[in-house]
Every structure is written in structure tokens, then in C-alpha cells.
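Sharing a structure, written as C-alpha cells. Questions coming.
Per-chain numbering from 1; labels A, B, C and D assigned in written order.
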Amino acid sequence: MVVPLHSGLLTVSDYEKTATSLLPVHPRDYYNGGAEDEVTLRENKRAFQDYTIRPFCLRDASSCSLSTSFLSLPVSHPIGIAPTAFHRMAHPEGELATVRGAKASSALMIASSWSTTPLEEMKKEAGGHPMWFQLYVYKDRDLTRSIVRRAEAAGYFAIVLTVDTPLLGRRLADTRNRFQLPSHLKFANFASVAQEKMPSASNESSAFMNYVSGQIDPSLTWKDVRELAKSTRLPVIVKGVMRGEDAVEAINNGVKGIIVSNHGGRQIDSGPATIHILREIVDAVQGRVPVWMDGGVRNGRDIFKALALGATGVFVGRPILWGLTVAGENGVAHVLEILSKELEYTMRLAGCPTIESIREAKDIVVHKSFFARL
Amino acid sequence: MVVPLHSGLLTVSDYEKTATSLLPVHPRDYYNGGAEDEVTLRENKRAFQDYTIRPFCLRDASSCSLSTSFLSLPVSHPIGIAPTAFHRMAHPEGELATVRGAKASSALMIASSWSTTPLEEMKKEAGGHPMWFQLYVYKDRDLTRSIVRRAEAAGYFAIVLTVDTPLLGRRLADTRNRFQLPSHLKFANFASVAQEKMPSASNESSAFMNYVSGQIDPSLTWKDVRELAKSTRLPVIVKGVMRGEDAVEAINNGVKGIIVSNHGGRQIDSGPATIHILREIVDAVQGRVPVWMDGGVRNGRDIFKALALGATGVFVGRPILWGLTVAGENGVAHVLEILSKELEYTMRLAGCPTIESIREAKDIVVHKSFFARL
Amino acid sequence: MVVPLHSGLLTVSDYEKTATSLLPVHPRDYYNGGAEDEVTLRENKRAFQDYTIRPFCLRDASSCSLSTSFLSLPVSHPIGIAPTAFHRMAHPEGELATVRGAKASSALMIASSWSTTPLEEMKKEAGGHPMWFQLYVYKDRDLTRSIVRRAEAAGYFAIVLTVDTPLLGRRLADTRNRFQLPSHLKFANFASVAQEKMPSASNESSAFMNYVSGQIDPSLTWKDVRELAKSTRLPVIVKGVMRGEDAVEAINNGVKGIIVSNHGGRQIDSGPATIHILREIVDAVQGRVPVWMDGGVRNGRDIFKALALGATGVFVGRPILWGLTVAGENGVAHVLEILSKELEYTMRLAGCPTIESIREAKDIVVHKSFFARL
Amino acid sequence: MVVPLHSGLLTVSDYEKTATSLLPVHPRDYYNGGAEDEVTLRENKRAFQDYTIRPFCLRDASSCSLSTSFLSLPVSHPIGIAPTAFHRMAHPEGELATVRGAKASSALMIASSWSTTPLEEMKKEAGGHPMWFQLYVYKDRDLTRSIVRRAEAAGYFAIVLTVDTPLLGRRLADTRNRFQLPSHLKFANFASVAQEKMPSASNESSAFMNYVSGQIDPSLTWKDVRELAKSTRLPVIVKGVMRGEDAVEAINNGVKGIIVSNHGGRQIDSGPATIHILREIVDAVQGRVPVWMDGGVRNGRDIFKALALGATGVFVGRPILWGLTVAGENGVAHVLEILSKELEYTMRLAGCPTIESIREAKDIVVHKSFFARL
């Protein structure tokens, strides 16, 4: 790979520590933080420890393929980049560096509605490399429609509708920091003052919370999803589903894929870890559409567990921001390299040389209660 | 709202820290402490973490109503003020400030028998705003009857009989402090010396323990409840029920509502958290009377969980005392504001825009063992 | 009571801290320590937290009686003194002070075979107050028989045969300390040099371990129990039973009572807490003989739990040694006073005013898994 | 025994602390470390705490025999030495000292393919004392065959094929240390430069990882096992099985014994503790071949638990390296002495005076969930 190796940066956790020490307090808290008491934030990560991998041996580990497909798109590994806002706070080249890192490591990237680089520029930088576009539905529905049109025109492969943000979760550090998008940055996909800048903060809500309550439509229902799905030739994926019934609703309303997500613990607090919910959703969906997950994925074992529990792939949010902070595009690529390498190691050591074989192996990953005998 | 915002006071936990640092040792320990090893005190709060909220998405979060009713009384949110003694130790204006805070935030308040302000003055301060009166039964039954009469006359809406205090729990810090009501304060609802002042402390029991063993009738049974219920036109609610059988007994003896409570971990130690017991009581009661709970409620997620497990509403004790300590009536109102705001956030993010919808949503809140598969 | 109150000594834990700071290292480690990694030692105490008390309310707490009977002997509370060796290391008056403390607080005391005071002197000090005698079976069976005869003659009410000590558990601190009975003390019930003094320590075993392996008969079986039971007119109780099958064996061999015990975590390590095993034994015994327990009992809630799970009473070991260390006979009496007071509080607050009512109350104490719903 | 006692070295944990302080950083990390986040490393040890020993009493503890047999070989205790590489990093006499220690304490030793002493010299030092030879299959199959021939010729009793190392687990400390075999040492069983020395380290993989990926055949399957079993007159044992299905596969392919192992947490991370998996394998094997385990065994209680759950014996890796580091052959012998002594204590105190009696005793060891009642 092209990434110059940063000696000592061997794991995502190394990147986390380095990035956390490099970032100024406000962006650091914005990136790392979660809602309220951050119970869900911590639980997303911790819950992976409730699962354990029961390896097979002697299954010929000489070759190993991580390739699979996301919708009909072949991908060389099942690790995508979750949509996250404001990359220029992490690195001057912002989203463009992320796109280059994604490309270098062949990772599907979901561009955020709230990028600090226009969606067209991102897709242009990506060239033939596939990207999806994450959508927030603005109260101004014409604006929303125009965004979808622009994503189609720019060549995005899918629309990822985020369904867990009718209002912004209360992230206490941001409120205390009176978190505000730095003045030299803006919501680059939007043109009017109200939509490209944040209003001011109050004592009880950050500027960002006020932006969301001012702009984003909290009244969204499945009906809007159905209309969106009909209104675009792109497949619509919903991100933020946390219950089996909702996954079924999604499919019934024309959705082509589901991302199990709690927004990295940034929306509702005291909700379950995504890895705990994954199986329920996979069971409800019964293979009709692919199911991905994000939240707390920090190493290859986590990814293996998600795949074994039925995920088509995973997305990572903060790890990418940490890579971007530490070393721009190279950092992004290296973080993805680390994760795919770790996944490969785990697959080879577990006797599952293909993604398919993970999904098919019985009880390859079990909850720790498997070992209790009552 | 009228409360001037205290920058940095975003959560009940912020209030707790601030109040704890402001209060002198004796009242601080009296307010914050629990019985014996404080196992129940800690467990009340911790046990909420055993439950997790499984949110729905896309259910139109544009409007959200917290209104419900307590008995036939419509309330604008399901968060009441639990009865707690001696408010003048927290703030010179004592219970009157609390009443004003309750009124400002439209919270039903239960006045304690052991207020440092006469019950009539409190109700007068409340004006039309509804209040309930918490009753301790004195050995002197005439006195007890006269208190009930005064509560009726003053315009209280219900009598809340505390059933978990035949004797005062052993709160070790109070015993070590030889806790004594400050000499300028008194049990303001009582007139005789024995009843308005505490006797002295001994090595093994605080002045307050001695007061209770001297004055309060430990022989109370359900028969007394039946008689009380017959003797007053006000509905009688019992506070301190911790078993399904007792809830049924209560109803059979004319009680119109039940508060699941362990007195904030101040009576029996090593008993269960109230949130763990709630479901059992709700199941036993089968909707015949409303069931509330108190104990360890510290944020909106806690309240959501209680409602989902069948509570009609919750009451908070210490949070109010912390608000009162920090900022008098404004602090009380702000604490309630925080809690109702947090509840609203949780409801909107969980896809439950009304109190009713929380109760009806299947498995919206589950015990963590939900995710174990044996 | 006659005990002068030590201000600040409110709980057994207060006594533990004070005694631990007063004692020289060698006796302190001998008293406080357990075998090997001390897993069982810690678990004995911790496991009580796995049980929770579900209180009744309004059951007339005006009177409360702790009286019950141990075999046919009426006792005023169900808390006895477990047999522990070498009391003169804790206090110059040794076992005589303990006997006086037991008497002052009406607690049945089991005298240890390894007292530093002759068994006759102890019983004489006790006067009419009942005591049991704990027996270790020496390889020298004549000696053993003579000890039993002396216990009968001295007026002990029962023989408590310890069945968990065929060899002495490896207590690492004692080995490191080369623990040795101080030269001015001896095994006061024995007369020959080999039996009244410890041999020297080696690198790998304390003097005490060497004493036991030299003197005590490791080949004991139920046959010996049967013979013992036949050979004495006193009832024989076995102490150290940890399995239902063994409890049944005991009864079949003439035993009249069972003490569930793991020797305070001083014999086998990594065994279960006694409170976890109690129910199994009670179920196996089916009421044919009384079942007591010891191990980790530190407060009144612990005792309540043991009674609720079927114990006839409990015995305490280290708490007595701590009381003796801190204040001689008064300390012993005060520790027992604390425990019975705490038990009384718990009974009154739980709505169980008699020992019998604890045992009869359904699910008054439950394992924490009671609150899980899978 | 011949081992001069090191005062203060009473447990394996004492040896661990001493060795860890004596060793230079690189060998220390190599010996003590595990793969990735070391979850499995820690869990191997911790998981023993999930099991508890329910002792019998009064079963005649006067005699106790630890003798059993490994295949048809009688052994005086069930504790063997797991194969570990590079003993000369711990002590100048390396594997020869280990062999002498093994002999002194009558412990079966498995020689590692990667010894720093030739296999012939080790077996010569052992004399009549039995040893097994651990095999890694090199890409160069002629070389592999010649190693097997040499092991046969040298008089090893069995071939132990390690099946969990198609590639070397990522041990982060070794990568950071750029771990390299010290230049004065070599893979003593091999003659060509490529096979006797490690290549250089890179930023992302230690020299050792590169060695393994260069030399070891990752394509191994059960077919190779069958061929190996056919090609040698020695019994073939597989080491590294972690699933019941694989144990059955092993037997079907001519294997004569199974070692449940996860390589001491050094290969796949986030896999289960071996003690958790043991029962599953024992159940699958149904007595057709013996099952041993290794991983995290640190004291006699651990060994007792493994035997009770069906193991024929256990192997220890790091404890031996710690003994070797601290005191050469005497340290090795002393560590084994400690473990067998502790096992003996546990057996006598649990009422199981023979290895057979442990296996036959019902529920002598139970998972802690045994005490939950749902």
C-alpha cells in the first residue's frame, strides 16, 4: 500500500490516542463524544466483548478473500466509511483527503450531507470509485429534492437516509463548549445563509442542535421513505434502524438495504449496542435486503463478529476521523488497512477463508452466555 | 420558563455535585445518605442501567406530549416531587421555595409531614396548583386525625400514607453526626414540644431516630389503612410498597394508588431497586389503580424506563433537594425542567410521542438479559 | 446492655478496621487470612450481595422477637459464636473474655479444641450459660476420647465435629510469616509436648500446618462419625458440610445438626460461598435436623438472608475476634449486640417480626437472577 | 525433592512476578504476551473463576494419588509441560535445564519444534524419561518428514501437531519491539540459514511473524493429519482444537489424543477460554481418545477443575518459562512441585483422593450459574 507507516500506529486504538491528543478540545469533543451520559457510546464498543469467536482449525488458511458485495457492487472488503460531518475540522483537506484514503484502500465511502466539501467535488475526487450519499431531510422539501438530484447527477450509487435524527441528540460536551462550526467552514452542500451556517448556541443547546431543530424535518415517517424511494432511481438504504419491526417496515416501503446504527451513541442514550441488535434485525429481514451495522467497530475481531451475526458489512465512523486527523488521506487508508488486515488474520485463524464461510459457520460467534449452564 | 439558566448545570448530576459541595456536612449527609451499607441506595440508581431502550424510528417526532393524569388530575408531565423532610436546611425559604418551583414547572408536589413549614402555608403558596399530603401516623391518633383534617381543609388533593417507616432506618452517617434538626427549625406541622423538636441523640441512634421511635406508631397494619381510607374524603395512596401481594392488599383496603418506593434506600438496606420491582407490582395491580415509583430517578431515560415498565409517573426526592440548595425555587424548577426535557428527547428519539404510546410499545424497554441466548 | 459504647464503632466493619490496625502482623494475618488465593474468603462475604430482601409492609412492627431454639435449647437470638483458635493472641484474657461476652449477649458459643484456655475453665466461666464443644479428631484416638469425656464432664451441651480439616488449608500469609503460636501460649486442652506446642515452620508450611499434619487424623470417614455419635450422650453436630449428599450421610450416621461451613475460606480455596450452598443443604435435609451456616456473616441483613434461605441460625468467627481484640469481653458483647440489633431492624422493616415468619415468607429473599427475564 | 527452596516463592504467581522483573523487555514481552488486545490471554486465566469446587467431606484424605496415564504411559501426576519456543532466552542452559526440571518432577514434557537446543540433545538429556515432540509443518515437506524421522529416532513417544498456527498471531508488543531471536541463538532443529535464523522485522510484523509466514505451511488440512498419522509409528496428538466438530474430525483422521488449546492466547484473539471449551470437546469425543487442555493454568485448583470437566491432564506453558528464568532446572521442578502439591491439597480437601474419583464425582465442579435461580 501507499501509506507510509507510522511506526507505533498498529491499531485503531493507537490512532484514537494520537488523534485525541492532537485535536483542539472542541472538535475533539464533537468527534469523540456521545449523547447524554454516553452509556450507549461506551456500550457499543464494550458489547463486542460479550461475543466470542470459536475458531475452526486446519481449514487451509493459505488463501483468504475478504471480497463480497454491497448491493450489486463488488467490494474488496466489507468495511465501509460511515458518513460523518465536518472533516475539515480534522484536516485542512477535509473530505477530499478522506475520499483519497477510501480510494487507496478500496473502501466504500458514504458522504455526509453535512460535509464541509460539496458533494460534487467529493465524487469528482473519487472518480470511478463508488460512493453513497447520506441524506438528511430538510424541512424545505424542495431543497431536499434538489440534493437528491445533485447526488444522482454527481454519480453516487445509493442514497442513505438517516432515520435516527429527527432532532439532534443532546451531547453535553458540545453544549458546554457551545460547539459551533468554525467560521471558515460551512455546510458546503447548501447555499442559503440559514443552511450553510449554524445559528448561535444557547446555554442549553449547542449551535449545532439549534441548526438541526431549525432545518431538519422531525416529522418524517415511512411514507416519506416510500416517496423518496419512488422519486429516485438510486437504491435507498436506511441508516439508524434498531428494531426488527422497523426493518420490515423499511422493506415494505421500498428500501433496498438497512444499516443497524444508533449513530455512534450520539442520538438516544441508554439504547442497546448495535451488535446486540444485529441478530434481531437479520432475523426479521430474512435475507430480503442486505443488513450492515456501525457503532463501536474498532478492530478486525469486531468485524468478524458482525459478519458472523449476519451483517453484510460494517461501517466505521470515528476511526476514520482519527486517521484523518493524524495523517490525512494516508491515515484514513492506514486505518482501513489495519482493520482489513486484522479481519483477514481473524478469518484465517478462525478457519473461515471467505466472507461467505463466516456467515455459514454454525455458532462461530456466540454470546458469552453460551458457556453458562443453569 | 422563568428559571435563569445556570451555565454548566445541564443535568441532575451537575446539581448533585454542586449541592454536595455547597451543603454543610450534617444536612448533606442527611440528604444524600441511605441506610446501613447503602446497598439499596446505590442499587436504586444503578439498576436503571440493567434496562435498555429499543427505539423505533420514523414515527413523526414533530410533536410530543408529556401530559397524562395522576388519578383524575391532568398533569403536564409525569414527574412529581417526592415528599422529603426539612427543606429549610437546604434553603432559608424552605418548602415555600419548593412549592414555587413545583408550580413554575407544573409538577405535582407531595408535601412531607415533616416539613419545616406548616402544611397550610405550603398549600396557600401553591394556590390552585395541586398538591398531595404525605402522612406519618403518630402514636397519638388524635393528632394524626387532626393532621388529616387540616390537610383536607387546606385543599390537598390526596393523602399519601408512607408504609415503609414503622421505625427509622439506620443511617450511619446521621448516627455518627448525631444528626439533629438545627435549633432554629422545627417539625412545623406539630405544636407540642415532643412533636416539634427532636430529642437528643445517643451513641447508637441519631436524634431523628429517637424522635421516630418516640412518636411514630410502629404497629400499623392494613386495618389502619382501611380505616384511614374510610375516614377521609380524599383518596389514599400508599407509598413504600415493594411486593405484589402488598399492592393487592392495598387495593383491597380502599387504596386508590400505589407508589413503589424503598424510601430512597433510607429504610431497609439490601432490598431491591424499585425499578426491578415495578413490573411485579404493575402485574399484580392489573390496572385497577395507578402505580408510581420513586428511587434513583436521575434523568429522562430513567423516567422513560419506568413508564415503559408500567408506571403512571415517577417522583424524585434528592434531585429536588439539590435544586433547592443550589438555587432555591429556580433550582427546583430547573431540575424539573431538565428532567422533562430529557424525557421529551428520549420520547421523540424513541418514536413514542405520547405517554400512552410508551406504555403500549412492545419491548420498548427490556432487561439486559434480553440479549443473552443460552 | 453492660457494654460501654465505643463511639464510632457502629458496625462489624468498624470493628474489623480497628482490630486490623491494632493487631501485630502475625496474629492479624492468622485471623483475617484465608487459604491460597483467598477466593472463597472473599466470595463468602460478597455472595450475600447476590441476594436481596423483598420486604412486606404494614405487618405491625411494634414487637419483634429474635428468639428461637438451637436443638432443644431456647436462644434469645439466632447468632452464635463459631469456634476459633487461640483467643489469647487477641487479648490477654483470651477465651475467658469471649465467654463473658457471649454470656452478656446471650449468645451460644462453640469452644474450639484449640483454645488457649482449658475447656473446663471456659465452661466454668460460662456457668449456666450453654456452650458447645468443637472437636478435632487426633490420630491418638485415646486422647480424642478423653477430650470428649472431659467436654461431657464439664457440661458442654453438644459436640461439634469439624469435618473440613483432614489437613490444614494452605494460608500463604501464615507460611510467609512462618506463623507459630507465641511461646507463652499453648494448646491448652492438651498435655504432652507434641500436642500442646507447635513444631517449627518450614519454608513451605507454617508451624501450624506441621502441627496439624502431625497430630490430626486425616483418615476420618462417616464411620467415625457414627462411632462418635454412639460413644457420647451429647448430640453430635458436624461443621463443614458443603453438599446435599453429605448432609444426608450425616443424618444417616446419627448426626443431630449440620453447620454449612467452609471454615471461613481457610481450607479449600475456590469453593462456593456458604450462602450459595445453604439452600441445597436445607432441601436435602428436609427438616430432619437443624441446619446452621457460617462464613462471611457481617451484618444483620446477611443473617436475615441465611434465615430466609432455611438456616436455623448463623455463627460468626472473625467478627468475634475483632471485638475481642478491640475491647475484650465488651467488644465481643458489642459485636453480638450490633448484629442482633441489625437483624431486628431488618426483621421489623421487612415485616417479619419473628424468626418463624422469616422462614415462612415466600420469596422474602431472592437471588438477583430473579429480576432477569430471558 | 532436590529443589532448593526459594523462600517467598510459594505460588506460580510469585514466580511470575519474579521472572517478569528479571527478564529483559524483549523476551519478557515475548513470553508473557498474547495476540492483539490480549482478551483471550486474560480470559484463559480469569475464566477458571467462573467455576467453583463443591467439596465432599470425610472421605479419608490420608492417602492421595495423583497418578494417571497419558495414552498408555503411566504418569505420577497429570501436569505436563506445554511446548514453548526459545528457552535459551530465559536461561543459558535453555531446554536442557527444562528437561532436567521435568525429569526431577516426573513431568511429561513436550519439546517445541522451535527449541534453541536440537531435539536429539533434549531427548538424550531426558534419558528414559518420556517426552513428546511438538511439530510445525514447514512448507518444505521433506524437511518436515525428516524432523518426524529424527523425533522417532531420538525416542520421543508421540508427535504433537500444532493446528492453530497457519500464521503467527499478531502480538503487538513483539511488533513494537521488532522482536528478533537474539543473534547467538537459532532454531536449533534446522540447518539452512532460512530456517535457523529469523528474517528482519518490518514496521508491521516482527521478525518472528515473517519467519512463520516464510516457512510454515498455512494450507494444512485434516488430510495432512491423516497422512502424518499414517506415516509415523508414533501416536499423533493435535494441539489447538477449540470445537467439538474438530475433535471428531481429528479422531476420524487417526489422531490419538487432543489438546484443547488456544496457544495461550497468542493466536486468535477474542476466542473463548480453553476451560470454557473443554466440556464441549469432552462431550464430542465421548471417551474415544484422551483430551488434555492448556491455557491459563496457574494453580492446583485450576487443574482440579480441568480434570473434573473431563481432562486427562493439563499442560502449562508460561509457568515453566518463569521457573526456568528464576532458577533454571530447579525453578522448573519447583513450579511443577508447587502445582502438584496444590492439586494434592485440593483433592484431599475436596474428598477426591484419586484422579479417577474427580472425574466420577457428580457436579464436583460447577459453573457459577449453578447458583442462579431464574
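Details
Basically, a residue touches a chain if its C-beta (ideal position, glycine included) is under 8 Å from a C-beta of that chain, and two chains touch if they have at least 3 such contacts.
Keep in mind that what you see is a predicted model, and the values were worked out from it rather than measured.
Chains that count as touching both subunit A and subunit B, per the definition above, do not exist in this structure. Counting the residue numbers used at the interface between subunit C and subunit D, under half appear in both copies, so the two copies meet with largely different residues.
Superposition on CA atoms relates subunit A and subunit D by a rotation of 90 degrees, given as a multiple of 5. Ranked by separation of Cα centres from subunit A, the top chain is C.
Taking each chain's centre as the average of its CA atoms, subunit B and subunit C sit 42 Å apart. Centroids built from CA atoms put subunit C at 59 Å from subunit A.
Multi-chain contact residues, meaning those touching two or more other chains, occur in subunit C at positions 372, 374. Per the touch definition, subunit B reaches subunit C in the complex via residues 36-37, 39, 47, 50, 163-164, 166-167, 169-170, 172, 175-176, 203-204, 217-222, 224-225, 238, 240-243, 245-246, 249, 262, 267-272, 276-277, 366-367, 369-370, 372, 374.
Those residues of subunit B whose C-beta lies close enough to touch subunit A in the complex are 5, 7-8, 10-11, 48-49, 51-62, 299, 301, 305, 341-342, 345-346, 348-350, 371-374.
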